[in-house]
Amino acid sequence: MTLETIESEIEANVPGCVLEIVSNPSPSGQHSLRIDPAHAVAIATFLRDAEPLRLDYCSNVTGVDWPGKEISEKVKIKKLVDGVEQEVEEVRKTQTLGHLEVVYHLYSMEKKHGPVILRMSTEDRADRVHLPSLTPVWRSAEFQEREIFDLYGVIFDGHPDLRRILMWDGFQDHPMRRDYVEPDDFEYEPTPHDEVLERARQHRTIMGVQ
Amino acid sequence: MSTATEAIRIIPKSPGANDEGQWLEVSMGPQHPSTHGVFRMDVVLDGERIVKLKPVFGYLHRNHEKIAENESYLGSMPYTDRLDYFCSLTNNWAYALAVEKLAGIQVPERAEYIRIITAELTRFQNHACLIGFLTQDMGASGTPLMYAFREREKILDLFESLTGARMMCNYMRFGGCRVDLPAGWIEQARAAVASFPRFLDEFEQLLASNEILMARTQGVGVLSKEFAVNAGVSGPVLRASGVNYDVRKADKYGIYDRFAFKIPLGEHGDTYDRYMVRLLEMRESLKILELALRDIPAGPIVDPKTKIRGFRPKPGEAYAHIEAPKGDLGFYLISDGSSNPYRYRVRPPSLVNLTVLEELCIGHNVADVVVILGSIDIVMGEVDR
Amino acid sequence: MTNSPYLPVIVLLLAAVAFAVGPLALAWVWAWKFSPRKPGPSKNAIYECGLESKGDAWVQFHPGYYLYAIIFLVFDVEAVFLLPFAVAFTGLTLGAGIAMLVFLLLLVEGLVWAWQKNVLIWS
Amino acid sequence: MFGEGILKGLAETARNFFGSYVSKDRLTTVQFPEQRLPQIEAARNFPFLVYDGEDWQQGMRCVSCFICEKECPPKCIFIEKSTDKKPDAVGKPQFYPKVFNIDVSVCMSCQICVEVCPFDAIKMDVAFEHSTNNRFAGLLWDKKELAKPNEYYRQIHPIEAAAVDAALAEERAKVAAKAKAAADAKAAAIAAAAASTSVEVATEK
Amino acid sequence: MDENLKSELRKQGIVATTLQELYNWGRKNSLWPLNFGLACCAIEMIAASMARYDMARFGAEVFRPSPRQADLMIVAGTVTKKMAPQVVRLYNQMAEPKYVISMGACAISGGPFKQGYNVLKGIDRYIPVDVYIPGCPPRPEALIDALMTLQKMIDRQPLTGPDRPRHLQADAPSEFIVPEFGAHDLDPSQNPEVWQAPLVNISLAGTDDAGND
């Protein structure tokens, strides 16, 4: 069952879904299928119930954080430089909008065939982080989606009981994001390394100890 | 205020509805003799009967995945020992398998045999300890656990002479194992494996036909087949409900296809079946061990090309899962070409198996919750990661 | 106080009480002299697996428990009545034996009735 | 019969109880302080620095190359390089660590530092009795507390130590041979220079 | 009452002892640990109480589930920030005299998980610790060795005088503040009453390893 046949079957059965095969350059050869959030639940129920696939076992649900990258490209623009029309090369830094991604690894216990990987990503990392929850389709995604909500901040619509699972309820930020800054509880560091070494040196100067 | 989950508050039912009493909300909290570590269940009780049960995790969330993002690939290997701290070698193997799939590394023949031998020894001691803890939860305070730990010590001696540490072996490397079997290890292992059937007979005679055990476990916590599959339950808990899915047979990783071993399945899916499936699985592990110990070939134990330091796999991702003693343990790695993994995810079988805990416990007494939780075999290092 | 027949009983009683209360008194004196009392809000709080306990435990229970306790109480008191009978058993006539038998059978009949009404088993 | 399973269980525990008077393997308790388990060859607890010869400052094999500090997963090693040099295990003048601390209260005894050390300077110890009531002084081991002689290493890990010593001896032989070859070449050059000067003397006379 | 007089009497079968020795002898040989395992070190603690290492020989094999009946808290495993208030509350609820063994690298300093955002860097931030056992996990014999160290410490505790143990001093607190769950971290992040870290950490102060500064 190659990913292409699965993609064509889904397109045949789930009208209007947008699919894209994401190739995986590593020798593991596990390519994945990016699905659009709007049709996610329909695609999921199809994959679970369709006869040749019967992917009834959602083994793993993972959250991945792709922060926005700074792309600086050289752009030739005409600029008036002291009255003369000149072509000037300028480096323009554009900040791409990062996104949060959720990856589902599906197996079939009945047919015993290997992982079919689905990917869904949110629009951006700030406020539009809603994704449809697949817990109604596979109950095994319940705790793992709660963990992604807790550590990455993806809000799953339709999840029966979306609460923080690992951090305490009053915790505010989402610690597994790449830009999470830990609270600076600098304390006694007998063997400090790189940035902790810097903090240790600052604290030594503040304390006036040399 | 560190309140528990606000989801369930005391719900004073109108007394006299059908002469039931009020509901009592109590938390079988993080420090509890029967919760196998720091696991908490907010339980709403009607007298002795369970009305609602909300598990609360996170008391041992040690941020293994965040630390792994700042460690090199080799640096995360000793951390995998601490995931499921009963079975460090199967954790190592799952992680090594994922990295080998990510970077396309081959594993020599002898290393495959050593991996199977250590994995089956780990499975044996994990199931023995579980049955010890399960019967202790039922009230047999200590005796079966003493028997189980006596055998576990023999296996830990084998691990210590092979890898240097009793519980935290840090033994697998990408492309094989770290150090070859010391002289006399195979004979010591064969002697230990030869003594285990006698222990299993003793264990079975001690427990299997015990009326108290049968009364406490038969018909308690019945898990239906469809619900088990949909809830992603894996491992002995799944096979006790009659679903024939074992990653060793389904995925054919390692060289398991060379060994003839059967998969024990239960019919009713209750706690007694989960207990018996584990006993039978221990016997199957012994069969594999005898075969593997008999025809382990000589040869290199690690693929010489793999570098220990500065290991930079090409960008890409890989997911590998194995049949750990507790269930389907998976590692999902995304590499961006640097020496640190971009995303390092562990698929915890214990956490997903706990999805079914509420459905199994509702309607039973508090004492049965303890037994059902014991039969699901969770370990908090893996649940909270 | 000529040696009235009850003197040995009183002496034995006092010795028993002294034997029981003595160590307790010693421990209390020791605690009063050496280890000071340090009560505190967190120490006296209700222990609930490390959490602060919410709600109260004064909850109306299922009546089944109440009946269970009552039946136990009945048979406990019965055992207390059996004690003097058992001690003086050798010197008694047949009539006393029958009277005690009737007493026992009455209670057992009560238990059979309760059992048959399924008081002891509830869903 | 109803209690038959329980009786079989009791029979089993009785057999174990009476058996423990007879057969050795049913009596598994090791009376720890007096009686100790046989030392397992590959056992490992905390790292220590190996030094050859008597003087632990001079004989230390560590050349403070910082590899173990970088590779240590919990980052519990702290090294400060010295400014001057001293001959290392093979005789080549190398730096040595002025400060070499291991915070034993963080170390996870995973022996990755041993695996990546190219100079066999750090090895795993087997001593485990380190319980103390002073965390800051007791559990931060400096170079002096870490340094242990090679004889000790040969005593706790005999096979492994023999292999390491053989490799080191061979390396020392190679360096010595190279040094001798260099010395011969220099001597030959000096002899050649002396011969050419004597030739000139002969020609002048 | 010097030593050889005591040994002479003991030869005759008379045991001469002081009230303090009797008190300490009773305390140290019946240390009941709290049934309180956090992580991997708990498994080594269980192994230490099993047949092969047998902590029962030291009177410490009765693991009481409730803090009311325990007088030794073995903190075995990683204390996470979510678990810290519970650990301190359990310590507060234990009856005096109570001792704490901080077993394993994680309980001492956060150990290998020190860089974690949810890991408390050592339990001695909130409660006083009597014995530290390094190791990850420490061997069962190391736990028994620590138990013997604790017993030696208890043996030397005087009953009166300035340096008598905490539980005999009226002003020494037997309760410590229980941290609250804040928005980003526990507040207070450590208890200054208990946690006095040396500000100058030794490796930065540049003392030469031979000890001279």
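All chains are identified by letter, namely A, B, C, D and E, in their written order; residue positions are counted from 1 within each chain.
Assume contacts are C-beta pairs under 8 Å (C-beta built on N, C-alpha and C of every residue); 3 or more make two chains touch, one makes a residue touch a chain.
None of these values were measured; they are calculated from a predicted model.
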Chains touching both chain A and chain C, listed by label: B, E
Chain at the geometric heart of the assembly (C-alpha centres): B
Pair sharing more residue contacts (C-beta pairs) when A-E is set against D-E: D-E
Between chain B and chain C, centroid-to-centroid distance (C-alpha), Å: 46
Rounded Å distance between chain C and chain E, as computed from the means of their C-alpha atoms: 39
Whole-Å gap separating chain A and chain B, where each centre is the average of the chain's CA atoms: 28
CA centroid of chain C to CA centroid of chain D, Å: 67
Per-residue overlap in chain E, given as positions that touch at least 2 other chains: 51-52, 82, 86, 90, 112, 115, 117-118, 136, 139, 181, 197-198, 202-203
Chain B, residues touching no fewer than two other chains: 1-3, 29-32, 58, 61, 63, 66, 78-79, 150, 153, 168, 384
Residues of chain C engaged with two or more neighbouring chains: 49-52
Listing of all chain pairs that touch each other, if any do: A-B, A-D, A-E, B-C, B-D, B-E, C-E, D-E
Touching residues on chain D, where the partner in the complex is chain A: 69, 75-78, 101-103, 106, 136, 140
Of chain E, residues touching chain D in the complex: 51-54, 57, 105, 108-112, 114-115, 122, 124, 129-136, 138-139, 141-142, 144-146, 148-149, 153, 197-198, 202-203, 206, 208-211
List of chain C residues in touch with chain E within their complex: 34-36, 38, 40-43, 45, 47, 49-52
In the complex with chain B, residue positions of chain E that touch it: 34-40, 42-44, 46-47, 50-52, 63, 65, 77-78, 80, 82-83, 85-86, 90, 106, 112-113, 115-119, 136-137, 139, 180-181
Of chain B, residues touching chain E in the complex: 1-2, 29-33, 37-38, 58-64, 66-67, 70, 78-79, 82, 85-86, 145-146, 149-150, 152-153, 166-168, 380-381, 384
